[in-house]
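Next come two complexes built around subunit A: one with subunit B, the other with subunit C.
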Partner chain A sequence: MEIKKTVIAGTLESSDIQITLSPATGDNLEIELESDVLNQFGNQIKKVITETLQKFQITKVHVKAIDQGALDCVIRARTITAVQRALGQTEPAWEEL
Partner chain B sequence: MKNSIGVELPDNLMNQYHYQPFITTKFDYPEISRVAPVVRINTNQSKVVDSLDDLIKENVKDGMTISFHHHLREGDQIFNYVMQAIINLGIKDLTLAPSSLTNVMNEMVIKAIKAGTITNITSSGMRGTLGKAVSRGLLKNPVIFRSHGGRARAIATGKIKIDVAFLGVPNSDEMGNANGMNGEAVFGSMGYALIDARYANRVVLLTDNLVDYPNTPASINQTQVDYVVKVDQVGDPTKIGSGATRFTKDPKELQIAQMINEVIVHSPYFKEGFSFQTGSGGAALAVTRYLRQAMLKRKIKSSFALGGITNSTIELLNEGLVNKIMDVQDFDQIAATSMRDNKNQQEIDASWYADPFNKGAMVTKLDVVILSALQVDTSFNVNVLSGSDGIIRGAIGGHQDAATAKLTIISAPLTRGRIATIVPKMTSITTPGASVDVVVTEYGIAINPQRRDLISYISKIPDIPLYSINELAEKAVDIVGEAQLPEYFNRPVGLVEYRDGTLIDVINQVKI
Partner chain C sequence: MTKIRQIFLQIPSLKRKWEQFLHQQGLTSFSEAEVTNLDFTLGLYEGQKLLGTGSISDNVLKFIAVIPGELSAAYFNQIVSALQSYLVQNGQTHMMVFTKPQYEASFNYVGFKTLTKTIQGCLLEAGNPGIQQYFKNLPHVSNQKQHQVAAVVVNANPFTIGHRYLIEKAAQENEIVDVFVLSANHSLFTSDERLYLVKLGVADLKNVRVFPGGSYLVSYATFPAYFIVSKDNVIRYQTTLDAQLFRDQIAPVLNIKKRYLGDEPFSHTTNVYNQTLKAVLPPKIQVVIIPRLQQGNQIVTATAVRQAIAHQEITTVKDFLPEITYQFIQDHQSELLERIKKGVNINGN
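Let's look at the complex of A and B:
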């Protein structure tokens, strides 16, 4: 599945992450990550975003993530919200939580 | 070669710098020799000179060691002014030996390194862009990090030989009698600068406030000073220190402060005449407030407060809860001006404060100290120099020195954002666990198992969860996850001395 519009979830407050999904330029998941803890947790943040997108079978999207030290649960929650907004889903995807 | 806390120290480095490995926090009674400065006899009627450039040309030569103090903190306007003049004159290969480096100096230091003006640095620490640049290998030779007491020792024993000291002062007369208490750029105690004034071969005072001769009280006096230079402004008063250091409203810090207070008042050291040092961290400052209540309630007075002073300590002095303040530096305007007005607030130099190799420093009489940490490891070692990414972003200050107190409490949030503070392995070691007694986090506290005697006192405190340091480290990783450790090149960019001049750690160049 691919994302065809641009959506945002999350804020720039500390311990939050802002996820912006937009149509991909290529054929894959593209993750552009800014983080204060890039060196310590960059791979982990990308992994959580990727896994969450995979649960929704999203294979083609551009992700811009601006992280302010969010924990994994926050990253997952913001990513799910962004995907649901992009797909126009209003009911919580309980099985993904 | 390994030191006693298991740090591998490269042999070639140990030989090149004539280092011994760190072994212990305890000393016997060794004899050492103090060095004496070169004195150029001066019978002039005035030492005021007009041209800083001429003075530098005459006194600063390639390869020399120059020093500055950091009492003007982020308001300092002396360092950049003097360094720019030295760079302009094309002088090379200097060793920079300030008491510490503040952010306002960073760009000038980087510029001087790139120009070849500075090729060696020794400092209490460094932060921001300079810390980052040095961590990435900007400087060819490793920076030597020393505590305030360690610097006093190194200067007194000739390990640091200061050729020219450039000291900014808020007042001076034409002969060089000066103090830190009067004028626009008042900063109070000039405890760190007093060592430079005593041991440097040439002492240059820079002031924006020439006063009538003779100027008293004279913390630095005319027998020590070669030149007095008039400048437009020594420092920006709004950036030297805040008006009054504010109390934290952060619930996490208040929680930590409350627990620290409980630990102190339940310890055997909280009795009439006890002494303490709190520093300027958010939680440490709040402790002073809780301690005040406990002192009033138990009718206990403190004999002295030590170290860096803030208005909260001054309040205790004015209330009669503290008999004396032994003051090596002041962090706010209230503390700085109070020293002028209160004879019970004694200015002390860095040696009197913390030098391990004199005939008795104040820290040896210290009962309780609260210190901060960037990281604490599961052996109670503390890092205040480098971040979890391996980049230098702090200063030793008096950490190693004050940690020799009878009760050393480390105030450390379990996590800062996503960064764990209590970790299995730190990015560098500053203060050995042997001198650390209790670690207090917002989740609970850990007592150094070497201090079994404290457990019986502290376990009595209701509502304070007691953990092992390993449990705290596990709790931290449960919350934030496993952080990737930094990767390093095999190239030292920092040598961390213990206060006695042995080598406690080596910081290598990071691969980021």
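Let's look at the complex of A and C:
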């Protein structure tokens, strides 16, 4: 599946992460991550985002993530919210949680 | 526990408190006109105490200030988040900030990219479509680099034979001419109408391409003073940012080597802008100033056309207009008058 509009979830506050999904410029998942702990946790953050997107079968999207030290559960929650906004789903997708 | 609340600046007592707060945080140089143009203002409160504030005008974040202290960065991030979600909820996913250089790092930290900066000010953007997307949408020719490209930037409010003269002149002297039509919707004619009339008005000139200026050429973000009356020093530093952005980002992408300007006998703001362009663009980009076209002993100007529309005597300016523009005004006369009645400024640019 492919994301066709731009959506944001999350804030820029401490311990949160802001996830922006927008149409991909190329043919796959693109993740642009900004974080103070990029060296320590960059790969882990990207992995959580990628896995969450995969659960929704999203293969083509541009992700911009501005991390302020979010825990994995927060990253997952914000990514799910962003995806649901992009897909226009209002009911939480419990099975993805 | 802090809370974000909207501040209604229409209420004089709230507005006074808000202005006082901005003064305390060292934000003093803003005009009444700029404040009336705000779409949305919010405050961050702890109980009744104001800790910070931020505003939105179009897609531009403005007047962001927080109280100093160890939590100021957290307050700042909360305000920027709230402003962003307001914009996104209203369908605006691209945003810009025009701020002092000392705040550049704070904005970079929350994902804003610097477009250009001077010692006095700095322009940043976030979200998409960003400037790279804007470049992608511009049509390129394969051997762009070998061509002599010139640029003309017009508001064309509306398109007159004066604009046509300037573009024609550039088209005779260069292989390709790129015409940018300002995209901000703060003029009597809407951006779509202006773009449409320019496109039709130069359709016969085969080496001329017409683009919307987007957020990057004399936009409400880069150059608000073009649309709202401002002091000279304000105009000067805004025009410098605009000129630098053109020189460093836009011109290299399209290989623009010359910029054509109409000389400016009337508008003070545009005159200052021309001076700045002359100071900033060379030697990378040559500035060519063309004297205004005269019709009889009158100088052709779109301002006169707008005034004639307001006074319902458009036949007096028929000589200033190409057939298409004249026809368009005749067809839309009542609508244009309606806009003037609603308060669109017709005497500015």
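Heads up, the rule we're going with is that the second predicted complex is superposed on the first by the 97 of 97 C-alpha atoms of A that agree within 3 Å, B and C clash if a C-alpha of one lies under 4 Å from a C-alpha of the other, contacts with A are read in each partner's own complex, and residues count from 1 in each chain.
Please note the rule applied: contacts are C-beta pairs under 8 Å (C-beta built on N, C-alpha and C of every residue); 3 or more make two chains touch, one makes a residue touch a chain.
All of these numbers come straight from a predicted model, not from anything done at the bench.
Chemist: Kindly classify A:Ser14 by the partners it touches after superposition: subunit B alone (first), subunit C alone (second), both, or neither?
Modeler: Both subunit B and subunit C are touched by A:Ser14.
Chemist: Looking at A:Glu34 after the superposition, I want to know if it touches subunit B, subunit C, both of them or none. Which is it: first, second, both, neither?
Modeler: second
Chemist: Touch check for A:Ile66: first (subunit B), second (subunit C), both, or neither?
Modeler: Second partner only.
Chemist: Name the contact category of A:Ser22: first (subunit B only), second (subunit C only), both, or neither.
Modeler: second
Chemist: Touch test for A:Gln44: subunit B only (first), subunit C only (second), both, or neither?
Modeler: In the superposition, A:Gln44 contacts subunit B only.
Chemist: Let me test your reading of the model: by the given contact rule, A:Thr6 touches which partner, first (subunit B), second (subunit C), both or neither?
Modeler: It touches subunit C, and subunit B stays clear.
Chemist: For subunit A, which residues lie in the overlap of the subunit B contacts and the subunit C contacts?
Modeler: 14, 68
Chemist: Considering the complex alone, what residue numbers of subunit B touch subunit A?
Modeler: Against subunit A, subunit B makes touches at 388-389, 417-419, 479-484, 486, 512.
Chemist: Tell me, which parts of subunit A touch subunit B in their complex?
Modeler: These residues of subunit A touch subunit B: 14-15, 36-37, 39-44, 68-72.
Chemist: Residues of subunit C touching subunit A in their complex?
Modeler: Touch residues, subunit C against subunit A: 74, 77-78, 80-82, 84-85, 88, 93, 110-111, 127-128.
Chemist: Which of the residues in subunit A end up touching subunit C in this complex?
Modeler: 6-8, 11-14, 18, 20, 22, 34, 62, 64, 66, 68
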